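In what comes next, chain A is part of two complexes: it sits with chain B in the first one and with chain C in the second one.
After this line comes the complex of A and B, so read on.
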C-alpha cells in the first residue's frame, strides 16, 4: 500500500527535513573541514588536545565559565525566591530588575561597565573623593571585569528555570515539614532546596552553554587579554585562515554543549521547566 | 576585527556627525576610501554595477548609499557599497564557494599576496593602473596601495615634559617613562617594535625573530594595561591617562593630540609604516577590467589629498605630496621626509608568517 502524501504528512516531515538541510548538512561540512584541512587526518584534533596554547585558552574558558555559572545561578536563586514568594510590590520590583537588563544590548552593557570601572570611571572617582583609596583600582581590563560583565548578562537567563520550579512546589509540603517541628532553616535545606534541584541544574546548563559562546564581552572588558574559545575560533577562521583547526575547535565546543544538553534531558525533564 | 581600514570609515562618520566635516568633505572622503565611487568613465555600459568593499560599518552604509544614488543618477552606472570588511577569511570563502560578490577590496597587502599565491586574486593589470602614480617599490603583483598609515609611538606629553620618547627602546623603558602601555591586539607592527627596542638595527629586522620579539613583549607585559583592538579604544586609553604610552595608528594618535590640545603627542620617529591595498578577487562580478579601472581612478592625487586632510591617511600617489598644505605636512605618513624617519613593514614576511606568529603572539597576550 503506497503511503499517501497528504498535507499532514508533509507538515510532520517539514521540521526534520529543515533540520537536515540547514543544520545537519552544514555541520557535517564543518566536521569534514576539521579532518581534511590542510591535510586528511586527525591532526587538528591532536593539536587541539596537545598544543599548549590551545589548551591554555580552553582552560581559561572553562575557568571563566564555571565561575560565571556559579555566581549567576546563586544570584538567580535569590532573585527567583523573592520573585516567586515576595509581596506583590516586591514581585513587581523583581520583574523590573529581571526584564529591563534583558532588553539592553550586550554591547551597551559591556561599555557601561567600562564607564563605571575604568581608572577615571564613576566607581574609582567616588572612592577617591571619599578617600577610601589613594590610587585608582585596576578594575576594568581584567578577568574580574569579564566575569562581572558576563554574570550581569546571564543572571536573567538563570532566573526563569529556577523560578518555574519554585512555582510548582506544593506549599503544603513545606507546611508539613514545619508542622512536624522542623526549623525554617532545616525545612529550606532538606525540603525546599532538594525540590528546586532540577531548576538549578537547568540554569547551570543554560548559563554554562551561553557562557561558552561569549565573544563581545570578554573582548571589550578583558583589555584584549582574555581570549576565550569563541574568539579563538573566530581568529582561526578569519584572521589566520586556519579553517581546519577552527573547525576542529568548533566540533570540540559542540561536543561539550551536546554532552551538557544530553545531561539536561537525562537528569531533568525539560518539559517541567516550561510549565 | 577592527583594523585600520575599518577605523578610517568610523573616523569619517564621527567627524561628520560631530559637525567637523561638511557633506561635501564627507562625500569626497568616502570616495577616496572607496566607500563610494564614481563609475569609471566611458568603458562600461550604463547600468552596470561595481561593488567596492571596505570596512564601513552600518552608519557609513546608510550615508554612502544615499550619496550613491546621486552618483547613479549622474553617471548611469550603478554603484554598490559593501561595508562588511574584506577579511582574508571572507575573501577566501567567496572564492572557494564560487560566489564572488566584491569587485574591489580594500584589504591588507599580505592577505592579497597570500591569496594571490594560492591563485585566488587577479594580478594587477599595469596597462590600466599607472605604475608611475604609485610610491616606488609598492607596485605589488596582487595589490596597489590605496593609502599609507603608520604604527607610531603616542605618549602622555603632559607627564613626560621636555624629555619625550622617540624610540621603541624608550617605549620599553618604564623606569625613565613610567606608566602603563598599550599595544595592538592583531600584532601588525608590534613584533618590529619589540625587536627595535631590543637593539636590532632597522635594516636587519627581516626576517623577524619571532621568539626574541615575544620574549621582549613578555618582559613588558606587566606594564601593558590593554591590547587594544579598535582605534577608538586606543584613543580612550591615552586620553584618559590609563596608558602613558601606546603603539597607535598615526591617525588616531593625531586625533588624540587634537582632543587633548597637545597633552598627548606622537612622533613618526621609528614609526612602522604600511600601505593598505586595493585588490581584486578572481571571478569578480563586474570583470577584472572594470575593477582595474576603478583602481586607476582612485589614483587621482586630489582624492588622496582629501583623504589626508580628513583622516590623515598618507597618499599612495607620490604626486599628491606636492598638493599637501603646510599644516598637514607633519601628518603625511608617506611624504619623503616622514618616510625617512620610519620603517616599512614587509608585507611579504606577513604573507608567509602572519598566521603562525599571531597564534604565538595571542597565546602570550592571553596567558
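After this line comes the complex of A and C, so read on.
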C-alpha cells in the first residue's frame, strides 16, 4: 500500500512538527545570534576562547564538574551495591534514601543545604555549642557548598545505571571465582568491578552532562560568587544583555554535551541500561 | 532471598552506605524544624514551636496565586504533553516508518539538551513571537520540556502491545479510527496515566527554563520559592517545602512498601 496520508501518519508527525517549529528552528536562530550579534563574524567564539573571565569560568566549571562526577559516582556505587545486594531491610532503606530526594524539588534540596550550612545554620550552631569552633565557619557561597549541593542532587541519577548493571550480573560467576580460591577482595576488584564498568561509564557521562548545564543549585549555594557556565549564560542573557555572547556560550555547551552523548553511544551500549 | 555474591558486607561498608543514605535525607530533614520557628527570619525554634508560617502561607495572596498558577500550567501542559506523546507513539506503532529513529531523536531532543540551553532557545522563540511572561508561553515551554519524558513512557507502553491486535480488529471490520480509539487506546490506559502523571510532576517542579520566560505576570510556585531564596529568605519557604516534601514522601513510601510487600508474597 502506498504511504498515503492517513490519521496515523498525521498523529505521528504532530510532535516532530511542533518541535521542528518551536525548538529546532529557534536553535538555529540562537546559532544565528551567536554569529551576528553585535556584529557578523566569529567574534563571540574568539572571545569565548580568549577572554580571561570566560576562561576562568570554564576552568572552574570543568573542575567542579569533575569533582562532582567522581564523588557522586563513588557514593552512588556504594548505595547501588547495598540497594541491589543488601538485606531486605537495607534494600528498603536505600530505596527510600534514593527515591525520596529524587522526587523532591531541586529548590527545596538546595534550600535544605542553606539551612544546614549558613553562618547561623544547624552545623555552625552545633559546632559552636559544643565548643569545637570559636567562630562560625563560612560554608555557603563557597565552592565546597556548591559541590555538596550538586553531589546531593546527582547521586540518584548516578545510582540507576550502576544498579541496573549490577542486577544483570550472574552471581554464579562470582561464586565460581570464590570457589576457585580467590579472596573476596580479589573477586571484587578482578571480577565484580570490571563487570560493572559499563554502568560506571554511563553514570559518569550522565552526571557530567547534568552537572555541566546545572544552574539552580550553584546559583543558590554559590550565591552569585561561584559562577559556573550555566549561570554565566544567564548573566549574559539577562543582566548584561550580551545576547550574541550568551548564544555562543550556549552553542559551546551544546557541542560538549553532544560529544559526550556520542561517547555514551560509542563506548557502551545504552540499550543494556534500560533493562 | 537474595544470595550475597560477595563477602564484602563488612560492617565498614554497611556503615558507609547507611551514612550516605542519611546524607541524602539530611537536607530534607533540616528544613522541618525551621518551618516551625516563631520568628520572622530563618532560625531554629527553641521550645517555642509555632505554626505562623503555615498560617501565613494559607492567607498570603501572592503565595496562593502562585499555587494556582502552578496548578493551571501543570494541568494544561501535562494534558497536552500526554496527547502529543500518545499520538506520536501510536502513529509510530501503526506506521513503523524507516525514519522512525530520527523522529524519536527529535522528540527526545529537549530532554538531552542542558536546561540552560533549552532556556536560551525557548527565550529566543518567545521573544520573537511575544509570548514571554504569558500563560500560553509558559504552557508551551512546559510542554516542550516535559513531553520527551511522556514520549519515553508511551513508547515503552506501545512496545508491549501485540501487533496482531490491529490485524484482529481490522479483520473483524473495525475502521482505522475504531481500531485506534476502541481497541488500541484502552490497552494503553496505564501508560497514558503514567505519562500524564510524570508530566504533571515534572511541570509542577520545572524551574530552570521557567525562570527565563516568566516572572512578573505569571509566577509559578517554584519561581516564587526561587525569588524568596535569592532575595530574603523567609521561613514561609520552609513551610512550603515541608508541605511539598510530606506529600512526596507519603506517595513514595506508600508505593515502595506496596512493591516490597508484593515482591515478598510473590517469591
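Just so we're on the same page, the second predicted complex is superposed on the first by the 252 of 275 C-alpha atoms of A that agree within 3 Å, B and C clash if a C-alpha of one lies under 4 Å from a C-alpha of the other, contacts with A are read in each partner's own complex, and residues count from 1 in each chain.
Everything that follows uses one rule, which is that contacts are C-beta pairs under 8 Å (C-beta built on N, C-alpha and C of every residue); 3 or more make two chains touch, one makes a residue touch a chain.
Keep in mind that this is a model prediction, so the values were computed, not measured.
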item: Combined model on chain A: chain C and chain B, fit or clash; value: clash
item: Partner chain(s) touched by A:120 [first = chain B, second = chain C, both, neither]; value: both
item: Contacts of A:192 with chain B and chain C, given as first, second, both or neither; value: second
item: Chain B versus chain C as contact partner of A:150, first or second or both or neither; value: neither
item: Touching partner for A:141 - first (chain B), second (chain C), both, neither; value: first
item: Greater chain A contact set [chain C / chain B]; value: C
item: Touched partner set for A:57, first chain B, second chain C, both or neither; value: first
item: Partner chain in contact with A:237 - chain B first, chain C second, else both or neither; value: both
item: Shared chain A contacts, counted only where both chain B and chain C touch the same residue; value: 118, 120, 219, 237-238
item: Chain B-facing residues of chain A, complex; value: 52-53, 56-57, 60, 118-120, 138, 141, 219, 223-227, 232, 235, 237-243
item: Residues of chain A that touch chain C when the two form their complex; value: 3, 6-16, 18-20, 22-27, 29-30, 33, 75, 78-79, 81-82, 85-86, 88, 90-101, 103-116, 118, 120, 122, 125, 152, 155-156, 169, 171, 174-175, 178, 184, 187-188, 192, 209-210, 212-216, 219-220, 230, 233-234, 237-238, 246-247, 250, 253-254, 257, 261
item: Partner chain A, residues of chain B touching it in the complex; value: 1, 87-90, 92, 114, 185-186, 225-229, 240-242, 354-356, 358-360, 362-363, 365-367
item: Touching residues on chain C, where the partner in the complex is chain A; value: 2-9, 13-14, 16-18, 20-31, 34, 42-44, 84-85, 87-88, 90-92, 94-95, 97, 103, 106-107, 109-110, 112-125, 128, 140, 144, 147, 151, 176-177, 180, 201, 205, 207-208, 211-212, 222, 225-226, 229-230, 233, 237-238, 241, 244-245, 248-249, 251-253, 256-257, 260, 264
